[in-house]
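Okay, got some structures for you below.
Okay, so subunit A shows up in both of these, paired with subunit B first and subunit C after.
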Partner chain A sequence: MSRDPQTITIKVGFGDQVRELVVTIGEGDIPPYQVGDRHDEVGQRRNRVDAVAKVTGRARYTYDRKGAGMLYGKMLRSPHANANIRSVDLSKALTMPGVKAALDFVEVFKDRSARYAGCSVAAVAAETEAQAEAALDAIVVDYQVLPFAVTTEAAMAEAAPQTGRGDDRNVSARGLRDGESAADFLARIADQDQAVQEAMKGQTVVSGRFSTSVQTHSALETHGVVCDWDGDNLLCYCSTQGTFGVRRDATASPQLRARNARVVAEYVGGGFGAKFGLGREGVAGALLAKRAGRPVRLMLDRREEHVDGGNRPDSFHDLSMAVGRDGKIVALKARNWGTPGNGSGGAGARNQAYYAIPLVDKVELNVRTNAGGARAFRAPGYPQGIFALESLMDMAADAIGLDPLEFRRRNDPHPIRIHEYDLGAERAQWQKRRNRNPGAGSDPIKRGMGMAATEWFNPGGGGASCLVRIMRDGTVEVRNGAQDIGTGTRTVMGMVVAEELGLRIDQVETFIGDTRDPQGPGSGGSTTIGSLTPAARLAGYRAAEQLLGLVAGQTGWKAEDLRLRGGMVVRKDGGRLPREMSFAQACALIADEAIEVTEKHPMVGSGRNASANYEGFADTNSGLQFAEVEVDTETGKVRVLRVVAVQDSGKYLNPKTAESQIRGGVIQGVSYALFERRIMDRHQGHMLNADLENYRVVGALETPEIDVVLVDVANGKNNTSVMGLGEPPTIATAAAIANAVANAIGARVTSLPITPRKVLEALAAKGRKR
Partner chain B sequence: MRSFKMAQPRSLAGALAVLGGDDDKVRALAGGTDLLGLIKDRIAAPEMLVNLKGIDGLGEITETARGLEIGALVKLADLAEDARLRVGWPAIHQSLLETATPQLRNVGTLGGNLCQRPRCWYFRNEHYDCKKKGGTRCFAHDGENEYHAVYGNGICCIVHPSNLAGPMIAQEAIIEVAGPEGRREVTAEAFFTSPDEDVLRENQLAPGELVVRVILPPASPKARSVYVETRERQSFDWALCGVSVVLTMADQEIEAARVVFNAVAPVPLRRHDLEGMLEGRRLNEATVDKVCLAAPLGANPLEQNAYKLTLMKAVLRRALNRLKESAR
Partner chain C sequence: MPADRDDSPGRESNQNAAISRRSFLKGTGLAVAAAGVAPGRALAGPGSDQEEVPVFGPGPVPIRFELNGEEVRVEVEPATTLLDLLRDRLDLTGSKRVCDRGSCGACTVQVNGRAVASCSILAVDVTGQKVRTIEGLSSAEGELSPLQQAFVDHDALQCGFCTPGMVMSCQALLERNPKPDRPAIAAGIAGNICRCGTYQNVFEAVEQASGQGGGK
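Moving on, here comes the complex of A and B:
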């Protein structure tokens, strides 16, 4: 088989929008799944392969690893919202009962700053959890306590205390002058863009201030590790979204100097972007284990998880949009600010997205505060930015007297979403369910419907390999060392291989989450499926090729006429073979123990110009969500009755797990819309709701009916034609709900979450205006 | 979690003997759904817990000449299923259905519910030395107070957490207490302690005393009762505001009324003024409107919780409307 780049013609698209493309595919790659392909396994609704293990508790997560001889690791956390550490004294703690090791983080991490309440400063490992806790109390830390600012507003204020280190200022923005306050800066640049100012003249202009709250990831399994050393080799069970990243951290860490590290995450109790890398807790766990010469388990508790496990920044948006008489958007002006806490990232809110907006004047401010740092969170920047943008879109539609759906359609350049408007409107009964008379009527319960759009862009990338092993006894193993964070990665990886081998998913064994197996991506940016399944499919294809070669050698049939299907060796052209041969019989021909094939995600070109993807039908995958709500105008309570989620994700390899993924995104979106927010105390700077009681996460009773409409698109950007689906389904939900609330009550809540208090305040404000 | 010793008395006398007088050191343990959380959060640090669950005779519901007698260790779930309670004391029954979650109701007890500590997030955070913990300051008063009290919040802004407390007062429950000095009975209304009286506690129990029983005197056949609450989230949440209303009707006229709000004040808030407005009136739309308008009278909302005044009107309106409809 030639392994040179091949130029081929593929058919991409969906429905009646099918296009032929001439693409050069990677060295040794096989043509992408395309329009008209028929599959037996791929595209079927399959249960996730680990479903039973998960619901019966047989699946073992990092959190479940408890064993003889294991020590419990715990971290001490600063009670001050802003402090420098003068010294940490471990001597007393080290003499406490059961204590086997202790760490001073000033020494370990060379960091004297504790810039938020809950910042870790020391750690111990002891025989029992209670002993470890008692030992923490015996650690003496000398803090130099500093003034603090825990909210975005407080840190932006004129005389705000400095929240960061060195001479870092609280507010950073392009163009911000030395010594200039945020307010002065915003005033100075208010009309900076002449083109936008000009374009807005004479047009209909709508403006609004929108805001969203800090959302913590709240994955069910907290961050943490169970570490064990064998000489210089580290074995690390880790609740992670990136086994290989954790391995890299462990071997690169100057504190650990592991010669080799094996990272295992066979099951992960959720990850929304905060679980990449070993983190302080991972380094501490590993180092405690090294010092104690015993395995150590260090898992965060719920409070630590909220405070120090990452979050989505809050956001504030001053937006203005100008719309022409033809219903086309002319220009957008956006001023945004928000806080990544004391983390390193920005607060970036995406609200110049999707629509054809000819002119955008956007300025963004990052505000550092004395609070736990932000980390990537499922579509970073999107749910907050899109909430603001889509709220404004509805206001604009209203202002020019256009139906909000029609207004979007007029401004939407996406070929797939244009089709989705019709699909969604019909499924959601948009015309019928919209409230024609928002807020009217004597019944205190009002109904409304709103919508919003979503978009994402990840067809996967390089850096993934897959091992397929066909044993002489007919057993098939599919292996990759990346993790399945609950999305169904393991299942679809097995399905694409099963397809090539003519088997069902339950006839192959899948292994995932162990860095001894071939390399795989971190699960972030919705990259996993697009990176991994093309490698898996190719490995399956090559393994089948080898097996059929053996068959040909033994039978004299021509290998190129054969394929595997339905557990049999069959003729590609459907004709009859002289005799029947099953997959198992074919495997019996294997002379060695097994056929083993490892394939990488194929790349086109080489070096810096290498690309993991081909030209496809569209570079982004699109979607729409429609929400129907009921608002109790006396109690301010919002109930989401139904969400219709129309979603394109390229080719749907397994519609069932894909639907689950979309439902999960919607559920998290409902939670973001109505409940989730970090509450910081102004007096001493602690997070006050670092629990799952006052940090409310959506429950079963608040989960709406979710109607998923899959738009299957043979996208052609990789050999399985998929696009990532981790992020897109959570982007539009809160925006759609906010628009539905406005449609119900005729007053807009411009701040997330939409709590009873805010609804009542919005109604009262509307009442006053009358 | 800090370790502690555990006593397993078989009798009430045995329990009282170990309990002694130091509340900080020795604490009664019923379902543990509240107490264990307090220990984990390092708000309580008892050296010994006295497990009440082995005591005979505190887990029964019996009907006697005095009414329905409910042992302190009766699980909330069992109480919620009791048909006599459902028919005879609807406000209490309805409030139970809205208490916590099925899982918690399967473990939590009546005594524990009445004696649970407040949920104020400053009180529950070890880093805040608030008045309720013997400190000098109420952090909620000028802090984050969206869920706090709108009445009686001068010293301490907690709201009493128990769903049952309000309807117990409305339905005139009697709480039987046992201690080293013997037994005594307190009306539910007198049982709960406001911060002005003693900010360190929420009820009249002296150290070493236990709730052993709650007695619900038979309701008048002319009485109707209802409980209505609203909360932010339906699953697993606390009331933002609730109200219990008991009306004794003489024909179409309200002869006697009891109106008790919960989640708006440090102790359940009985509203004699509203009761007075109801008594002698017919239960019609005009009455409902008038009384609801007056619901938030006397409130002293803080920076973030004025919306609770609207909720008071809303729950009261629903409660009265429900009674009005059931009268038809």
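Moving on, here comes the complex of A and C:
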């Protein structure tokens, strides 16, 4: 078989947008799924393979793991929003009943700073949870308490206390001078881009200030580990979205000095971006287990998860957009700031996106505060930035007297989304459901519809392998060590292999979430499906090839004429074979125990120029969302009645799980639009709503009807033609809802979440203007 | 919407069939004495005017109850929640502790048919009662219940962490109201948070299980 790069012609696209493309595909790869391909398994609505384990309670998550003699680990957390730790005294705690080990984090992590309330400072392991909790109370920490700033606004103020360590300044931005305040900086650079200033002259200019709140991931399973040692080898059950990253952290940890580490995450109770890496809780759990010589379970509780489990930064945007008489965007000016808390990442908000905007002048500030650190959160930077951009788009359309949908269409260069406007408008009944007279009428309940766009860019990367094993008894195993955090990865991995073997998904066994199996990606950036399924499909294809080789050897039939389909060996051309042979009969020809094939995600080129993707129909996947809302102008309460989500994402390998993921993204978007915000006590520095009733997320009563429209695209960017779908469906929702509210009441709420109070304030401000 | 959740049919049982840790500690518990088991030293009969308060412990006390159709006898420390007893002692890990204060529904089990947040009732309070967990929903041969099958068919789960509690709330709902309409289903699971966002799929699953919707 040839292993050289191959140049082939494929048919890519969707609907009547089909074209032929000459592409070079990777070494040993097979042609991507393309227009006109017929599949038996791929593209069918299949039940998730782990659904039965989940509905019966048999699925064992990290939190459910238990080892013989297992201890319970707990961490002590700083009650101060900003402090230096002078000393930690564990001596009394170590004498408490049931306590088997304790850790001083100053010693373990060489870190004397506790820069937010809830920062971990020590840990214990004890026979029972209650004993561990009691022991935490016996730990004596001597803090040097420092002044703090827990909100973005407070940390940006001129005389704000220093929120970080060493020489760290509270505000960082490109071009910020030493000693210059954020306000002075913003004033100095207000008109810095002459080209933008010039271009805006004589055009219609709309401006607005927008803001969003800190959102916590609130995965139902918290961060945590169950750790056990066998000599220097660590077994680590971890609630993670990156098994191999956790393994790397464990073996690289100077504290743990593990010779090897096996990380297991067969079931993960949600991630949403917050669960990469071993984290302090993971190191602590492993180290406690090592010191105690017994397994330790250390899981965060709900409060800890809120304050120390990551979040989406808040954001503030000053935006101006200039639009020409032809309805084309001329320029965008953006100033953003926000806080990633005391984390290491930035607060970036993405609002120079989607549309053809010839000139952009954007400056971004990161503001460090004394609050828990941000982590990647489902489309980092997008929901907040797009809320601002898409609000401004509606304002601009209004200013020039264009329908917001038409205005977007005129400025949209996306080769797929441009065809989705009509599709979405029809399904959402855009013309009919738009409120022609926003805010008018005597009925206090107003209805409106708004829309917004989405876009994402991940057809997957390298770094994934898949093992397919066909046993002589006809059993098929598909193995990869990455995790399925609820996205359906495991199911589609099995489906693409089943397709190659002519089987149904329920005739193959899938194994996932164990670093003993072949490498796989972390589930971030919507990369998993695009990284993993091309490797799985290729491994399935090669395994089938070997099996058919055995068949040919035994029967004298020509291997290249054969394929596997419907549980049988059949002729590719549909003709009859001299006799019937089932898949099981073919497997009986295997001389050893099994055919085993491991394939990597194919790459084009090598070294630095290596690429995991081919030229395809489009480099990004896109979509539109339409929200219909009802606003009670007396109470300010917003109800989202319906969301239409039009979404392309390359080839839909399993429309059933894809639809679920889109619905879920929309629901998180509704939650972000209406409810979610971390509330900090400015005086004490604590998060006030670190639970699940005061930190509100959407429940069944508030969930809208969601109508998903899948636009199936043979993209061609990898052999399964798939694009990642985790992120895109949550990007546009809040923006579409905000635009719908404005359409309903004739006043715009420019801040998320859209609480009743903000609605009433917007209505009052409109009243004053009159 | 905590107020909605508290008022929802799915949560009524929290007030009626169970007592919270706090009310128990205050000595106003009521269920134990009626159960006729003598777990502690002093017992007041139901309706007794005497403020004789049942006292358990401090050591472990024996309790007996029906769990998924089988009798369980076990000694528990009086402060043990039903959830911790199920998970830590009886290795029934389907029910999850997520919020640990009755606001998310992930620990939902049935006590005498009603949906109860097992994180917020004490193990001693189920003495003499019938408890059903997610593990008791499928048949002994492992066959899924129609409701579980409907969850599978409608993909009413993603990460699956809320699923056992969600299924149990739906089960209790269907026993109370065999043909719930959508608002009734939404109210029935108003106390169950699903962070992945499967509510609509759950609606569809309950409709299928109650014979109101087609397969998928």
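By our rule, the second predicted complex is superposed on the first by the 768 of 770 C-alpha atoms of A that agree within 3 Å, B and C clash if a C-alpha of one lies under 4 Å from a C-alpha of the other, contacts with A are read in each partner's own complex, and residues count from 1 in each chain.
We take it that a residue touches a chain if its C-beta (ideal position, glycine included) is under 8 Å from a C-beta of that chain, and two chains touch if they have at least 3 such contacts.
Since the structure is predicted, the reported quantities are computational estimates derived from the model, not experimental observations.
Contacts of A:K54 after superposition on the shared chain: subunit C is touched, whereas subunit B is not. After overlaying the two complexes on the shared chain, residue contacts for A:F244 are found with neither subunit B nor subunit C. Of the two partner chains placed by superposition, only subunit C is touched by A:A219; subunit B is not. When both complexes are overlaid on chain A, the residue A:G665 reaches subunit C alone and has no touch with subunit B. By the touch criterion defined above, A:E693 lies against subunit B and subunit C together after alignment on the C-alpha atoms of chain A. With both structures placed on the common chain, the touch criterion links A:T635 to subunit B but leaves subunit C unconnected.
When the two complexes are overlaid on their common chain A, residue A:Y421 makes contact with neither subunit B nor subunit C.
In the superposition on chain A, A:F105 makes contact with neither subunit B nor subunit C.
With both structures placed on the common chain, the touch criterion links A:L701 to subunit B and to subunit C. Touched residues of subunit A were counted for both subunit B and subunit C, and C has more of them.
Where the contact sets of subunit A with subunit B and with subunit C meet, they give residues 129-130, 693-694, 696, 698-702.
Within the complex formed with subunit C, the residues of subunit A that make contact are 45, 47-48, 50-61, 63-64, 66, 129-130, 218-221, 267-270, 272, 301-302, 485-488, 656-657, 659-661, 663-668, 691-694, 696-703, 705-706. Against subunit A, the residues of subunit B that register as touching in their complex are 1-3, 119, 121-122, 125, 127-128, 139, 143-144, 146-147, 230, 232-237, 240, 304-305, 307, 310-311, 313-315, 317-318.
Taken in their complex, subunit C has these residues touching subunit A: 1-2, 4-5, 79, 84, 87, 91-101, 103-104, 106, 133-135, 137-138, 142, 144, 148, 151-153, 155, 157-164, 167, 185-187, 189-203, 216.
Put simply, subunit A touches subunit B in their complex at residues 79, 117, 129-130, 133-134, 634-637, 674-675, 679-684, 686, 688-689, 693-694, 696, 698-702, 755-757, 760-761, 764.
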